[in-house]
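Note sheet for the following structure.
Every chain is named by a letter (A, B, C, D, E, F and G) in the order it is written, and numbering of its residues begins at 1.
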């Protein structure tokens, strides 16, 4: 493990996580959720879980985001909280 | 004490993320926000599992050519079992997200809003 | 609702932190999670399952049934969305339905 | 093929047929129903075979892929899940027979995916029951849950919102469950239940194990709809299509209850769950609260299905109470009640579905004179209702009797009072319906000389719906009459020996 | 003598020009035919993309081309295993993908042209890299300059490029070059964001990149035909 | 209904990228034994190529490439390949999913037979996941309302 | 005691249980066939019961185990003298009631006759079951069936009032049922058995406090049906039911089942020894004495004929329990005999009330002036019944009351003698005004002074029961040997030798 990198990534994860929950624009929140997944996937790689990272990249940052965007596009983009 | 905190920092982050997700699921009113919370929640648990599986000084769980025939030292490779479990968990997570999004769209088609309190009000009005 | 959520979250968090006290150190190569079942996979993956990628062999062979369940979960999700969202087909599809 | 392959067939056959139904149904729509029936029938036969094998030869272990347990996944069938299997596959079969007309009326354009998901639900539930691997439970739990979400969401007006709440709660439950697995795994390194029950006793004072156990309990309680965590349940059961409620209500919560027994008394030794931490005591109090709250809320309802849902909450309370009493009698009563309640609730929901199908209504104040219109249906309803109240010789009485015995053995007088009061409350809300159903319409026109009544034409359910209902109702009575056989041959061995 | 020679030469020249004209007319006719067809296909979008003209012949060709393109330069280095098992899997996979997507990669292309295009494309790349290098230095100067003399603007210009692939290549080349970003292509017009006038001017009036892209994708041929036609018209007027 | 960009850049790039994406997906499935990846990841990438088409060409166009019916067939086929492999092992006399039984059908060693079994299974997973993901995107992007006829 | 195994008791129970569905299936269309079933079942049942009398008289016990119902508990029927008395009573009276209800129902052209006869048959079946129960659980099973199957009878009229009465009835009896369930479970966990033993089986088990609690819950549980005073409320309310139902309720099945249960508890569960050791019999006797007096006084104030009869019933039921509670030989004999004899007398009275209602639609005592001339047979029978209840010699009531008084003397408690005598005086006080009015007052305007009786189907049964009452008074051992059987029962309870 590389401690500083680890810590930075974890920090990013926390920040993007909070942001994804707090942003009122759902599309934006969704995109940030995608980046959250992406940082997570970097952490996994850093911990040696390449397969999981691969999957997370495909799913969390890829298909998941697409699904979210499609759904948000079909519904409302604004959220009150 | 300091060392105790540092030695498990992954776990602290995972607990924080999980709480974040749980809060999103319960406290947020927008359905998509709830779902985002749910995703964070699940990913946090995955982080926890991956943290279980990691070993200091080990490499990714793919055998190198010289280790193929049974001479592999388990200490040199990450613990593969949590990874396997988490593959499944990720898939389950995306499946749940998919179904939930489908349901959200059904909800929206019916109520034309995604805010939980507004939906409750509409339901109260229509007497259902 | 917010207060309730916060309360739940804090209670759960405290519980989890309490439980984390007895965790082995992070990254410890000799933690119980890594020495009981997993070594067999590492040593046996090529000899028994012909696959250097340990994760693949465990996913598809040692714990293949889990993976089948996982795929079924995905199938369920797909079917669920078809069930919930898909309306009657239009055009040429109708003849044989 | 030896008998032990039944253990896997019982899951695989519905699972594969679910795929086949989706495939075939796309071309030949009529093929769904017979295929579903055939699959469930095979599953039922296999479950009978496996129960027979368990009784004659003892516990069955089935290793997937030929890998021995701690490394591979294994199926373990003993007395405890043997009878659960028979019950699950039987009720699934019966409900499937029933489903044809109801589905065709309620969601005509979605028959193919509906049957596919129906089979997946059944396979998932059976899979949970039969497995001996903690994580495998989670996977099948998710299959069943996703199927349940979808099946509920296609219901009436409020269904999607109910399903969404269910998704959120259900995911919390499932996540807690597999977080619990993680907490146990991190200190043991194993996922196999039998292996874990060997490993865990040394770690009973480990905080991670304690928290893991708590997470298991909370997770399962959410999925089960135990009282304070039941918020998803009433809406879901109310708005779901009637077949869905008829299959989820008797089966899902029961399987979760089974899982709870499994984790409390097989994965962890009774010593841990009872003596070391006060979890069973907490559970009993929670369950008692659930019984009372569920019954009272049920009285407040006018919607039949919602009422049944609240009554389910109360009955989950019974089951958990039996588990929490943690003695032989209590657990026997609990297991027996799992069996009985599955049959009773199944019957009641089938009847509710039948009334919906014929009359399109659920408001119990409109049921007047229904017994003339649908005498057999109301007859079965009455039997099931009597069983819910606990009138002998129906099954409900005996499980309640054992629960009372268990409470006496545990010297818990409060719970006896709770049990007795709740059965009175049950009587209140069921007799309200029976009263309505057996009173003929225009009551005001009743004259002193006996009066003349409008002739109500008999208009029974179609046979494909009536017969399953009757079968389940007969099952309710037979379970009561032959409960001693069931206990003597099966449940007696299912209760942990240390009790 | 000189006159006869001249006349002969002229005649020969006219012959040549006649031939060229006939050829050009042929080309024109086919191109008109193509455009008509293309328009027809445009109405039904799908076919314009997935089902090219001359289907029977070009399907096989594009299948083979796709297969070759996928298998040799892509699968082999990716896989890294050259035993029979893996190779057969590779062949199978590539054949499968080629079967599914052969109409995606190559639409309306003849094999002969393909060779030229690929050749020219690879020749184009170093030039592009050189351009990027130059532009980099330019942007560096601007950015590091004390006053930072940027003057962002959006410019619009018409293009002579016609096929999709050349349009996209040009757009991506513009985007790849620092200082300019393609915003949109609409009705044969490019909307480009440029960082200052110099760059914009380059794009608007220089047009070298466009020409080169046109050359790569053999768009220039059309231009040459046009010239020939013009000559023919002049000649006709003379006559 | 669907997010469709009448943008030539995206369309063309999709056309160029899709085959490579598909091939890469198949590579990931086929080489799951040696490198990271496997049926699931491959399936998702395969689905991504179709999702890309949905995004750039619109739903109807993409449907012509992978119709609803084909989707369902792939979906069920993938799952049936998986469970069928298991059932084949059952039929050959072993336990469910016991790939070592495949030596009775294929002339290989036990370990290789298991590897072969893994390959089969991964293929099934890949197909299934691909079909599910595309079907999910189809369904969610149509949003439950019947697509308008243009 | 010799034990004979025979299927006869089961048959006796089953006869009407089989008749019930037949009645239901025959339905409204073929009235004659339906009523034929009723009567056929009644006759067969009577003959089966009577055929067992000689064996019982020989001092033998007939036993039949239906099936095990729980570990250590059997669903078992046992014919011994005490149960025989009750069985004889109910099977005899069923024949009478059957005929009578045919007349009543046809006379009033009532609705829902099928349901009526169905519930009627179920009632009788469970009444015989109660009589032959070998243990508390079997008793409880039949007791609850009786509760439920009486409910349709109570709400038969389907008016708001009837429904309210039905609700009250259910509330009271089901509460009682839960109390019995609790006590049964308690006793089972104390002793491990529930088998009735002459003289009780509780001796040596449990603490005095526990036993007191059990006695209270059991007496309250059964006392609900027996109408002991604080719980008697439902009885007069249930008077809205048709008269044959009231007759059945008050004379044969329901209340007698309650009394029977009380006596079983006092004599066969606790036994004289335990009760005297713990000094429980005296409070019990005082408790029921209060009911005797209060009910008698309340009856005086009632104008509604059937309500007056109802309070008289409350009075008499407590007298029977008092007899048992006094624990002396004569008092127990008196109690048991009174249970049998009171049935004949009270049913006569109710039949008369019904006949009056069918003929003249009169329900109030104040409307009966001069009716005796119009309906001499009816009022003649009424007079006989009233005399019997008051204890006037030639009628059978005299014998039982005589024994009761002797018993009070034997127990050396003069208070109870006074109570008994005073209650007899009260009986006179509230019955003789009716007779006086009917025969000696000037007829009201709407009375036809000529002979104009109710339908023969009604008059014959009531005459017959009146004659039987007198006959039993003269020769208590005639035909079915009531007296001998009672003596046998008492001897076995008190541990005396045969004879």
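Simple rule for what comes next: a residue touches a chain if its C-beta (ideal position, glycine included) is under 8 Å from a C-beta of that chain, and two chains touch if they have at least 3 such contacts.
Since we're looking at a predicted model, the values are computed, not measured.
Counting steps between touching chains, the shortest path from chain C to chain G takes 2. Compared with chain D, the chain whose C-alpha mean position is the greatest distance off is E. Think of the whole protein's Cα atoms as having one middle point; the chain whose own Cα middle lies nearest to it is D.
Chain pairs E-F and D-G differ in how many C-beta pairs are in contact, and the one with more is D-G. Mean C-alpha positions place chain C and chain E at a centre distance of 48 Å. Each chain gets one centre point, the mean of its Cα atoms, and the points for chain D and chain F are 36 Å apart. Measuring from the averaged C-alpha position of chain C to that of chain D gives a distance of 25 Å.
Per-chain Cα centroids separate chain C from chain F by 19 Å. Within chain G, not a single residue touches two or more of the remaining chains. Counting partner chains per residue, chain C has residues 16, 20, 23, 27, 31, 33-35, 37-38, 41, 46-47, 52-53, 55-56, 59, 61, 63-67, 69-82, 84-88 touching two or more of them. In chain F, the positions touching at least two other chains are 34-36, 38, 40, 69, 72, 75, 79, 83, 86, 96-97, 99, 136, 139-140, 143-145. Every residue of chain F that touches chain C in the complex is listed here, in rising order: 32-36, 38-40, 68-69, 72, 75, 78-79, 82-83, 86, 96-97, 99, 109-115, 117-118, 121-122, 124-125, 128-129, 131-132, 135-136, 139-140, 142-147, 149.
Every residue of chain A that touches chain B in the complex is listed here, in rising order: 1, 7, 10, 13-14, 17-18, 20-21, 26, 29-30, 33, 36-37, 40, 43-44, 47-52, 55-56, 59-60, 63-64, 67-68, 70-72, 74-76, 79-81. Within the complex formed with chain D, the chain C residues making contact are 15-16, 18-24, 31-38, 40-41, 61-66, 69-70, 72-73, 75-77, 79-84, 86-88, 96-97.
Those residues of chain F whose C-beta lies close enough to touch chain A in the complex are 3, 36-38, 40-41, 44-45, 47-48, 51, 55, 133, 136-137, 140-141, 143. Chain A contributes residues 50-51, 53-55, 58-59, 62-63, 66-67, 69-71, 73-75 to its touches with chain F in the complex.
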